[in-house]
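Next, two complexes with chain A in common: one pairs it with chain B, the other with chain C.
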Partner chain A sequence: MTDVAANASPLLSLRGIGKNYGPVVAVRDVDLDIHTGEVVAICGDNGAGKSSLIKVMSGAEEPTSGTMQMRGKDVHFASPHDALEHGVATIYQDLALAPRLSIAQNVFMGSELTRPFVLPFLRLLDKAKMIEESRRYLSKLSVAIQDMTRPVERLSGGQRQAVAISRALRWNADIIIMDEPTAALGVKETALVLDLIRTLKAGGHTVILISHNMRDVVALADRVVIMGAGRKFVDRPIDGLTADDLTHLIMSGNARAA
Partner chain B sequence: MSVTTVQSPQNRRAILSEIVGHYGTAIAGLVLIAFFVTFAPNFATPVNIVNVIKDTSFLAILAIGFTLAFTVAELDLSIAEMASLAAVVAGWLVQSQYPPLAAVAAALAVGAALGAINGYGVTRLRVPSLIMTLGTAAVAKGLAFMITQGVAFVGRWPVGFTGLARGTTFGLPNLVLWLAGVSLFAYGLVKWTRTGAHMVATGEADEAARLAGIATARMKRIGMLLSGVCAGITAVLLAANLSSAAPNMAGDYLLYAIAAVLLGMTMFEPGKPNIGGTLFAAIVLKVLGNGLVLMGAPYYVQDIVLGIIIIGSVAFSASAMKKAAFKV
Partner chain C sequence: MASITVSTPARGSRFKMLAQRLEVRMLALALIIGLCLSLLSPYFLTQSNIFNMLDQSVVIGIVAVGMTFVILTGGIDLSVGSVAGLTGIILGLSLQQMPIVPAIAVAVLAGGGIGLVSGLLINVFGLAAFVVTLGMMAIGRSLAYILSGQTAISNIPDAMQNIVYTNILGIPSNVLFLIVLYIVAWAYLTYTKGGRTIYAVGSNKEAARAAGLNTLFYSVLPYVLSGALSAVAVTFSISQLLSADPLMGNSMELDAIAAVVIGGASLYGGRGSMIGTLIGVFIMVMIRNGLNLMGVSPFWQGSAIGTIIIVALLVERLVSSRASR
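Up next, the complex of A and B:
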């Protein structure tokens, strides 16, 4: 993995990224390279700046300083929409789904499949196609739900993650960013989400994952980035690291930062 | 699995509760209509039925506007005053011998302009729609009184204008055709078009819709604009039907329209504003109002009943929503 990382030009690279909220310095001077097909875990204590860092990558917040490149070209994300157009999709902690709308409506929210209509400014929805495609995305993730018209509020937490991931797939995202995807889930549901992430990786997607669960990180990630007080202080392949090693790294970082 | 469990009592109960949840109030409405048809004196006469249908058309078109604004999660409390102002402007033009088409265009323009102002206030100035539309309503009311100086425009108006509401086409009352046209447009927009899907997503989950790249502010402006346009259409039909325009002529429809939308939200798609529900609820409410009058109930009973329906509908929808949220 390290050899590949050294040779290929990164899919996404951050240089000197800083993010302030008024007087609060949430992220300082972070360099980070993300390579195609990697699963990168970002760890750190509460308030370490993880969410702020991925908000910059996902276009939800603009950085106070620093630059970003995708495939070697400078990019600037002024909105989540910009990031999506560049192939970076984010699955937020609260999932950003509309609970009372159907699975298909959620998967295709904002990017509905349509047919032209006599009035050129109105486009007709192609509902049958959206239902069929949603089912295809979900079965790609090995989630077997038959009824694509079921409201999302009637799904389990893990199934909702699958719907949110399906939307990212729908956007054809190269990079899928997930903020604590298993935080609110039980054991079975967590296993489902870990499988979803493995499926994404096997499908060649790049995943950036924030997690507090070191066992998940060890089980899934190729590389771990540890943050403390806004800085990145560990960035290394996971090989051989145990969950306990990670916990120690985070704590020693905190000690150093304090 | 589903094949074997369909017969189980739990499942039958679930299906029953699904039916009650979706159609309970609609069925109650049908029973109510049947009751008045049978027992209210003179209810089932042709003249009365035509009157009820006409009155339903005004109400339903206005309420469909409210429904579209509510679809993007905004309240439009200015519908009645917008309609009154638009009616006064149309009446003024007709009275001054302008061609009917000009009067119609002006009424629609007034509705559209006020709807656009509401949308602008809500999305750009960030005034909550409750406040914004109350303000617009007050301004519209004042303007209507200013134009008429407090009296009504009445006269022998050309058939080209009055026929819009009183005439028939292919044997069907024009009012009913207007209602059918507006209903079909609104239903089709919400259910079949991308714009409609974006409006629904905006109303259901503003932030999720924005993160999914939907222009939520624009959707809110569209919903409020269309509400204004519906008020403009209602205005034309009200003025044409009565051959007159007064500054408070649509005032009584506000409470009725709100009741129609909220009662409509208890049926077909529980908890969600929906065009079919609004339409059916408008019919039920007008039948109820008319039937009460025919059975000799004093006029104030209508207001009391409307108030109870408004509160009851919201309570019913809220419990339907709760049930849906916890049922897995």
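Up next, the complex of A and C:
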């Protein structure tokens, strides 16, 4: 087993995390440190426990055991919104966007900007500002969409990822967890999403990437965590690893778990 | 670095942009129907008939506001007609015991209470809106008959007529109420966080919940509104007729749902607007009124209205798929 020595205090730190679903143990005793500005890939075969681990980090599920710290302080995420308020945003495979609402409405869903209207307690939506800000977030990601009132259902898969990421940026998320961001995309759209993740990294954001695509992982990640049978058994920098090496590591983990 | 570009519509395609707005297309449809009817009947465009149509829009228009909220969240309320019937009887009975204002308050609270029960059954227990409100529809009508003793309550105080027959700035009070109600509902849906949340709940409830929005409150609220507004609508009917009949509001749910859907709302939720619904209400009222003016037999009117609704939606579907291409 290889471990990365932490040279700075971690942004998010998991200790002894376990997650059971009745008698089924999905995650057992996982320690994991995530540092500011790194892209960490979490890999593993189906049923390895990576989705359950992500659910714990994103607030979708509460851990059965273990503790989490954010910047050295104990945290407890009771819901995805709770995690979001602590700075952990998750972009799920199905993106969790509202398809019939506009880009701006999606970027600001749950955190709408308002302005006072006539009376001080009467606050109305500040649509112009939300449209302007949404455009700014998207241009930060090098995505040039002019019409912020376009419904999300009329965007391509890559553009939807960009909207979902803009939403995470809107929440000032320190950590953006992306669950299989390229799974349902074609070659061209995949390239766009990989660029989005590079842009995030260049902007100093921390990204946790769950992916089955080892080429994506090698292209993007600084560090790879490989899980098998609910345990973390590899945690090392990506340096020098090829996609084939990663596949081999995952398979050997399966063999060990069997 | 690659960038994703979506071209903005060029100059000259402003017409296309307008045509992409469903309300604009439906307004065009309303104008075409109005034009046809005015050619078919010389009485259609007279001042008295226009006021008559506005008057006829009030009851269905009020119910359609609640229905729009419900449909925006992806729900449906089939009980509005019988809630109107039941709350009408409750109003009629209350008027025997107390002054007008508290009597109306009792009826509106009863309507809101029925909506609250439906909303909780649907959103807390996860029952299908269609089935819950269908059940409420049967219960409401049954209770209306039981409470009324199967007969109309006709000793309604004459002062109730002031609710409809007072003119303010030359506009009948019931029409003015409708206008104000639509402006308030439109402003709420368009400019407030609550309105946004209703759209978000209808478009993707899970996403709305994950974003920290109070999805339960904003899923139940539309049913409460729908029930309460059914009672408000029947209050206007009773004020005009000075009689409360257990049959009141019969098949009103169909007119209200039709108006909302003609107005461009999606029955899947998340899409629709008050402006669209208002146009939908006018289309429904114009068609009924026009058919009456032309002397079409009431037995044929159902067929005519049903056909026009289906054809209008079919044309709309074809046009919208072309416009969004």
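By our rule, the second predicted complex is superposed on the first by the 247 of 258 C-alpha atoms of A that agree within 3 Å, B and C clash if a C-alpha of one lies under 4 Å from a C-alpha of the other, contacts with A are read in each partner's own complex, and residues count from 1 in each chain.
Convention: a residue touches a chain if its C-beta (ideal position, glycine included) is under 8 Å from a C-beta of that chain, and two chains touch if they have at least 3 such contacts.
All figures in this text were calculated on a predicted structure; none of them were measured in a lab.
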>> Looking at A:T247, would you say it contacts chain B, chain C, both, or neither? Reply first, second, both or neither.
In response: neither
>> Is A:M109 touching anything from chain B or chain C once the two structures are fitted on A? First, second, both or neither.
In response: both
>> Output check: A:S65 vs chain B and chain C. Expected answer is one of first, second, both, neither. What do you get?
In response: neither
> Which touches a greater number of chain A residues, chain B or chain C?
Replying inline: C
>> Contacts for A:T199 in the overlay, against chain B (first) and chain C (second): which applies, first, second, both or neither?
In response: second
>> Let me test your reading of the model: by the given contact rule, A:I145 touches which partner, first (chain B), second (chain C), both or neither?
In response: second
>> Per the contact definition in the header, classify A:S9: touching chain B only (first), chain C only (second), both, or neither.
In response: neither
>> Per the definitions at the top, what is the overlap between the chain A residues touching chain B and those touching chain C?
In response: 80-81, 84, 96-101, 105, 109-112, 114, 117, 124-125, 154, 156
> Inside the complex, what are the residues of chain C that reach chain A?
Replying inline: 1-8, 190-193, 196, 199-200, 202-204, 206-213, 266, 269-271, 324
> Taking the complex as given, what residues does chain A use to touch chain C?
Replying inline: 79-81, 84-85, 96-101, 105, 109-112, 114, 117, 124-125, 127, 142-147, 150, 154-156, 158-159, 162, 191-192, 195, 198-199
>> For a test of understanding, state which residues of chain B touch chain A in their complex under the given definition.
In response: 189, 192-198, 200-201, 204-205, 207-214, 271-272, 321, 324-325, 327-328
>> Give the list of chain A residues in touch with chain B in this complex.
In response: 60, 80-81, 84, 90, 92, 96-101, 105, 109-112, 114, 117, 122-125, 151, 153-154, 156, 167
